[in-house]
Amino acid sequence: MIRRLFPQPWLTVTLILTWMLLVNGTKLGSLVLAAALGILIPLLTKAYWPGKPRVHNMPALLAYVALVIWDILVANIVVARIILFRRPDQIRSAFIAVPINLTTPEGIAVLSATITLTPGTVTADMSACGRVLLIHALHAPDPAAVRDEIKSRYEARLQRIFG
Amino acid sequence: MTIALIAVLPFVGAVFPGLMIRAGRNACAIVTGLVTLTALILLASQAPAVLRGEVVHSRIAWLPGIGLNADFMLDGLGLLFAGLILTIGLLVILYARFYLAARDAMGQFFTFLMLFQGAMLGIVLSNNILLLLVFWELTSLSSFLLIGFWKHLPESRQGARMALVVTGSGGLAMIAGLLILGNIAGSYDLDVILSQREAIQASDAYLPALILILIGAFTKSAQFPFHFWLPQAMAAPTPVSAYLHSATMVKAGIFLMARLWPVLAGTDAWFYIVATTGLVTMVLGAVIGLFKHDLKALLAYSTISQLGLITMLLGFGTVPAATAAMFHIVNHATFKAALFMSAGIIDHAAHTRDIRRLGGLRKAMPVTFAVAGIAALAMAGIPPLNGFLSKEMMLEEAAHTVWGGNPWVLPALATVGALFSVAYSLRLIAHVFLRRAQPTAGTQPHDPGLGLMFGPALLSALVVAIGLLPMATAAWLVDASASAVTGTAVTVKIAHWHGFGSVALWLSALAIAGGAAALFGFPRLLRLWDATSRPDAKHLFDVAMAGAVRAARRVTDGAHDGTVTRFLAIATVVIVGSGVWAFRSGTHSPGLRTATSVEPVAVIGWLVLMTATVALLFHHRSRLFALMLVGIIGLIVSVGFAYLSAPDLAMTQVTVEVVTVLLLLLALNFLPKTTPDESTSGRRLRDAAIAAVAGAGSAALIYALMMRDFAFPTIAAYHLENAKALGGGTNVVNVILVDFRGYDTFGEITVLGIAALVIFALTEMILSAGPANDRLMALKPNRGDAGDRHPLLFVVVTRMILPLALMVGVFIFLRGHNLPGGGFIAGLIVSIALLMQYMASGFGWTAARKRIEYHALIGAGLLIAGLAGIGSWVFGAPFLSSAYTYVDLWPLETFELATAAIFDLGVFLTVLGAVMLALASLSRLAVRSGEDINRAPYDAPLQER
Amino acid sequence: MNHWIIAPVILPAVLAPLIVLLMRNHLGPQRAVGLAGTAALLCVAVGLMILAGKGDPQVYHLGGWPAPFGIVLVLDRLAALMLVLTAALALIVQVYATVTGWDKRGQHFHALFLFQQMGLNGAFLTGDAFNLFVFFEVLLIASYGLMIHAGGRQRLRAGVQYVAFNLLGSTLFLFALATVYSVTGTLNMADLGVKVAALPEGDFALIRVAAVLLLLVFAIKGALVPLHFWLPATYANAPAPVAALFAVMTKVGLYATLRFGTLVFPPQTPATGSMPGDLLLPAGLITLIVGAAGVLGAGTFSRLSAFAAIASMGTAFVAVSIFTVPATAAALYYVIHSTLAIAALFLVCDLVSRQRDGDSLRHALPPMARGGMIAALYLVTAIAVAGLPPLSGFLGKLMILQAGRDSAALIWTVILVTSLVVIVGLSRAGSVMFWKAHEASADNRPRAVSEWPAVACVTVLLLLLAALSVFGQPVLEYTTATAAQLYDTAPYIAANALGEQVAP
Amino acid sequence: MTALVDILIALFLITGGLFGLIGSFGLWKLRIPMQRLHAPTKASTMGVGTVLVASMLDSWIVHGQFSFQEILILVFIFLTAPVSALYLAKVHLHLTVKRSDVPPTGSGSDWATYVTDDERPGV
Amino acid sequence: MIMHAVQFAIGCFGIGLILTLARALWAATIADRILALDTMVVNVIALVILYGILSGNGVNFEVSILFAMTGFVSTVAFCKYLLRGNIIE
Amino acid sequence: MTRPCRKGDTVEALIALAVGLMTAAGIYLMLRQRTFPVILGLALLSYAVNLFIFASGRLLRNAPPILTPGVTAYSDPLTQALVLTAIVISFAMTALIVIMALGAWLETGDDRIDMDPDP
């Protein structure tokens, strides 16, 4: 019953949060409406989200987000430096194949997004079987190191989160 | 009412032949005849009064607003003509019964004939010139139908058309003439008009009216130079020739001249135009007639000539001449109808009408010989037959008429005309009957039965009777009609002998002798005739016609050749030109508004916009790039809206923009990817010039408008003032959309809904069997295209965005009344979110999960919007009246409940349904073109848990 | 406020979505509801006509908002007349489309048909300039759908042209409306009448621009040369019943011209003066000439019919351009006539071409089954179209000639000469289609199709024309009263109750 | 305090502006198409993010009212940027990158972009 | 000070806007054009937000979020068109 | 915000020029021979006219017609509402002409907008 009413409880929470962001306030009335929408909308859209993504470790997810934000901040400066100061012919770009162990679509998606958002790398493609990501690194004199960092710094954490 | 009844009876009777033809040809003819007979009897019942000098009237108001009434009158002139029409009509019906072949559609024939009869009676009985016009044109029409009766013959069709064109155009001229006449007289009633001779002849408009009316009369009565249609009309069945083209219809012009004689005649203009035309026609017709080998053509030219004679008499403008004209009308009707019918008999019997192949019929067809011989002698004006009497009168009048100060011209030429009349009449008798049978003649001809013979025989008998006893048989009718024409009591004295002092006698003798001599020397004359080149009126007509048609085709095929780009160019030039003209022809005071200062950021945006627009002009042939540039332009325009205090506009613009781009991309998938470079530089220059002028015009206009203040306080002030208090919202734009001008929005979403329906219908059409579908099936899309239709990352992100976007949609919808947003933008946002879903996971997968038909969304949306409007009726308020209230409902804070929100919901649903239906329809085309339907949301083989 | 005034818009606006919502896959109910809807519209229109005949214009304040701030509908004699004309024609044409099966050759015919009527009725009723634009668009977009109904290559390509041309027209309309608003600050037509008349002289140039642009918009709709180019391809390629219905569409342009020319830019208004008439007269005359030439030169019957439609618009606009009560009365009479006559012509065209593979006039096609009957219908229709007596076309032209006597030399010459050209064109066409056909071999058996219901529809149209002729006087009286009402703008403006609160 | 906050906000704004400029500048500076992909997906995103934070701070501290809506924009941009980048990269792979420059997957199946419809199993 | 910073940022993003437009017009590959377009939208969003700070009203927030949403959709659509021809398959 | 400006230095002038250029470009594209550029041209024309309508209500910066206590100056809400209506309608029309052009192309394999003359 509860499962049927809340097919994706985290989505419901997110939506309620979103609504509060939208209306820019915390009035009770808004909360009631937000709750109603938070229940209604997942019911409407659940057909388009057939799998049941399960987050095993919520704190780990939050920690992951914090990590990524930090990485974005730091690495942006790196990229800015490359763009501004490095001579074009000194930029060592490379395609890197990164085999992955993640199996859930959400996990893979988050990993791909992370790779793109953290500066210096872009997820360029995935193998047809879904087990290898193609990464393009803006400046990677040592491609293997990049691959290893992705696997250790992000994928390992995500495996803990999405299982 | 009897008079009106007489005119109406044939029209009623026109219905019967068509119906009775199933009962047999006899029944058909009898009914037709009975109707005519009834009308004749009715006419006879009125005759005594008319002969006493009374004018019988019947009046029915029809369109008094324009002076057109069904007013009829019967006077002597009418009696003469109506009598002719009905009497000869009766004989023609009898004749036609036996003349028409079994394969001819007799019912149709008699129907047309009765239509004609009614129209003709209408002309002669009208007491209203507009009514007369009505009947006048009807005779042209029915004549057209009757000439074209043998529709398989090209000459019938051509003859019919020519007759229609000539008499029709005359009729149109006459409309103008009669309208002018009516304007001068202040009435279209003949009574009134005929009493205003002085006013009419003194008017400046007299001459144009006269000329226009005469064009009508001359065309109808085949007067030179409009005579050429009549010989062509001989393609009609002979009863038609006898009836319309000799006895009655061609005399309509004569009738009109006679009818208006009291007010139009008597001026120099009248004399010189009418008498001269008549004279020329008489001579010319007679000369040409002599050399015609087709029996009916000879008769046609003789008719032209005789009509010329009558016209000339009317043109003299004197009472005796008019009287003679009346008498000749009667005589001509009798002998010419008899001759035409005889010609038809000969044609039937000998299977040819070619005089050169005829001969010796005196023995083979003695009765016909007698009948036709008498009629032809009358036509020649041989005493004591009736033709002699009237021709004598004509020569007498001609002899006393001075033309252009010269007393000889008229009598001389009239005698020439008479001479040739004698010649062709004698030729007819001699060549057809008297000379030996020609070797080329095929079958053995013989006299027909009584059915065919009765009509001509009776007419020939009349020829003789009138000839012998004119005072007893015809004088009363001539008196009555001549009195009616001239407006003075006429008592005619018709005699065979006026003594040797009569000029006419000598002229007559001269004509007969000369005619006989001409016949004697005919072969030599014929050679001479054949050797002279002369303008052929028919040929000239055909050339003119062909030229007109060619010119017309230049209009249809040349100017309207489907080159819409030229049409648009013309339209643009006209629009800009008119606008400039309108501006320059009015006073303009420059605006005094303070301009808005500009900030650098605005200049940057403006530069981007201008650059992108110019770039679009140069790169438009690369379609994808062009689309991107349009996207940039749209983006900047919407930022501009935001910058200039129009957030609602910005939101609408940008969302509509992206949907449009998606739509165009979907279409571009099938269309060519580039536009070929096919304009010449000249053309590009032309288009650029047009575009530049249009652009300059619009820029100047908006600048002039922006820089001035409104001339009056705007209605928008009211909207700003009352949006909150009366409309319950603070977003005034939204309050206008759903309330002040909700009706506009209602129409607008209807447009959107219809567009989607049409797109759907068109998709169905393309997908159903046909060349489009074949082309679709033949397309092999995606060969060599990249793989990965549905990348996993996109799919997962879309899953997260969809609920968020729905949330945003609801938010935008709910707050729209007070802050930027509303049903329309919300509908677009939700559409875009759904479209994203389609793009991410594909058509098949997404459509399979769709719960509601988009059709239903549109229908429901429009209905909800409509019903929200209708709902106000319950409260006695007008359509789309709104109400709002504040509701306190724990635990919610006070919120507003407005009926306008229901209307906005309708807007939302319609927009959503329409956008989705439109794009889904386009996607279906791609599915049809051989795409496989995806069953998984993404291509990577991962397991969803 | 009388709610019936809005019924001609609401009824189709509700029925059409209902059809889409509930019966989009069932032709039978579609037909039933569609026809019933149109019949009901006719009844409503007749009722409104009676209502309008009783006196001054009646105003419907939408949403209860006072004019000029909200949108109003105004029912006057002219509006009522156009409503009745539209509904009557629509009913006949819709029955024709149903009995001939035209309606099942594509999707959504009846819904679009109702929407088309909604657009037309809305345009005739509205008293608001921008709302006129909106309903122009409603009727246009429905017409796009109807025009390409049943598909086909030529039809689609012609459809694209039609839409493209009209999009230019719609854009122009917006330019014009923005200019109008920008000068006067109002959109209500009655208010515009008041404001334009009171404009300071410095605004004359700009309002003249607006007036001209508006006239051009209406000229596009009314197919006035040189803005008529969209019409031949559109009408000739549209399904015949649709083309027949379109006969009333061009009249929207004429209606709007009349409305604006009498209410907003009447001859006595200083800013625009006689400008509308000065522009319309030559345009109308040239239109008439082009239309007539087209009738003579057309290569197919359908194109001939299209050019006949253009010619009829020319004639009507000539009458409108005179801007006097008798001339306008004549114009309106002629509008009724020409709408029915042109519609009949297109239906006859359909009767002809459905038995043959085409409707060429350049070479003869085999004879038709019941060719005599069809020929007779053609004959009567041609008489009507050519303006020959005794049918109403002749009477209408007589009225126009009488009303145009002040510039007789020009108007009369053009009208009469073009009449002749049209007569020639129609007689040539008829001769080829019905007479020359018998020259062709008879063993070419025509397709046997049951035509009686279709023939009956055409006959009804022709009977209406006959009635228009026989009862010319009462009709002329109505149109005269209508014209008089148009030129007496005070009651119209008063009925709008500008600036006053609306009594519920 | 206010001055400090002002400085902070100004710092955010200046940083944002610079990042935004660098992102757009990278489009011109970088030579190889795939390299150019990095500039805007990072720097511009970063730039607009910083500006959004500044805006939030501004309305919170300067105008005294919370404005969280910016977070939503931020979330949206960060959610979508990887997808845009992925698609752009795929376009490069498909149209400009030499096949030989891309390393093998090492997993038996090719990169998804290179698997045409004909080769895809189950089609 | 904030206002000056805002003006500075506006200047940066403004120049960025011009740079991206120029890139869209003169691009080596079609993907570069799309990329430039995408970046342009981001710049525009920044400008809208900055202008909001400058003028002190927040109504343009919704405009920004719509720009973000539509910019994304068009970028993906253009790419998908280039990759597959059909953007909804 | 307003100060006396030179003629070429005003938002009004910029808007007028933008309207003019977009109109011109729209017309130029509308006169091309293929359906696609014609459609683009019509779209551009509709941008131009939307801006025209909008500007015809006069320009006012930082004055969105959202009623706010204490604020008295608002930009003209009516023209904005009119533009909204016009945008929607022109979207509907564009969508329709796009699919019609596509249908014509599929039917005939020809995307020229000019037709061959009738027989």
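Residue numbering begins at 1 within each chain, and the chains themselves are lettered A, B, C, D, E and F in the order written.
Convention: a residue touches a chain if its C-beta (ideal position, glycine included) is under 8 Å from a C-beta of that chain, and two chains touch if they have at least 3 such contacts.
All values derive from a computational prediction rather than experimental measurement.
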item	value
Intersection of the contact lists for subunit A and subunit B	D
Pair sharing more residue contacts (C-beta pairs) when C-F is set against B-F	B-F
Centre distance in Å when subunit D and subunit E are each reduced to the mean of their C-alpha atoms	11
Interchain centroid distance [CA atoms averaged], subunit B/subunit E, Å	60
Centre-of-Cα separation between subunit C and subunit B, whole angstrom	16
Intercentroid distance (Cα basis), subunit D paired with subunit C, Å	57
Multi-partner residues of subunit A (at least 2 other chains)	18, 22, 112-113, 123, 125-126, 128-129
Sites on subunit B at which at least two other chains make contact	557, 560, 562, 564, 568, 572, 627, 643, 647, 668, 698, 701, 705-706, 710, 714-716, 719, 741, 744, 748, 751, 754-755, 758, 762, 765-766, 770-772, 782, 785-788, 791, 793-794, 797, 804, 808, 819-820, 922, 939-940
Multi-chain contact sites of subunit F, meaning residues that touch two or more partners	30, 35, 48, 50, 52, 56-57, 61-62, 64, 66, 78-79, 85, 89, 92-93, 96, 100-101, 103, 107-108, 113, 115, 118
Of subunit B, residues touching subunit F in the complex	557, 560-566, 568-569, 572, 593-598, 602-603, 606, 609-610, 613-614, 616-617, 620-621, 623, 626-627, 630, 633-634, 637, 640-641, 643-649, 652-653, 656, 659-660, 663-664, 667-668, 670-672, 675-676, 678-679, 687-688, 690-692, 694-703, 705-707, 710, 714-716, 719-720, 723-724, 730-733, 736-737, 741, 744-745, 748-749, 751-752, 754-756, 758-759, 762-763, 765-766, 770-772, 775-776, 818-820, 824, 911, 914, 918, 921-922, 925
Complex contact set, residues of subunit D against subunit E	6-7, 9-11, 13-14, 16-18, 20-21, 23-25, 27-28, 33, 36-37, 40, 44-45, 47-48, 51-52, 54-55, 58-59, 62-63, 67, 69-70, 72-73, 76-77, 80, 83-84, 87-88, 90-92, 94-96, 113
Complex interface listing, subunit E residues touching subunit D	1-2, 4-6, 8-13, 15-17, 19-20, 22-23, 28-32, 34-36, 38-39, 42-43, 45-46, 49-50, 52-53, 56, 58, 61, 64-65, 68-69, 72, 75-76, 79-80, 82-83
Residues of subunit D that touch subunit A when the two form their complex	18-19, 22, 25-26, 29-32, 34-35, 37-39, 41-43, 45-46, 65-69, 71-72, 78-79, 81-82, 85-86, 89-90, 92-93, 101-113, 115, 120
Touching residues (chain side subunit F, partner subunit B) in the complex	1-5, 7, 9-37, 39-40, 43-44, 47-48, 50-52, 54-68, 74-81, 83-85, 87-89, 91-96, 98-103, 105-109, 111, 113-118
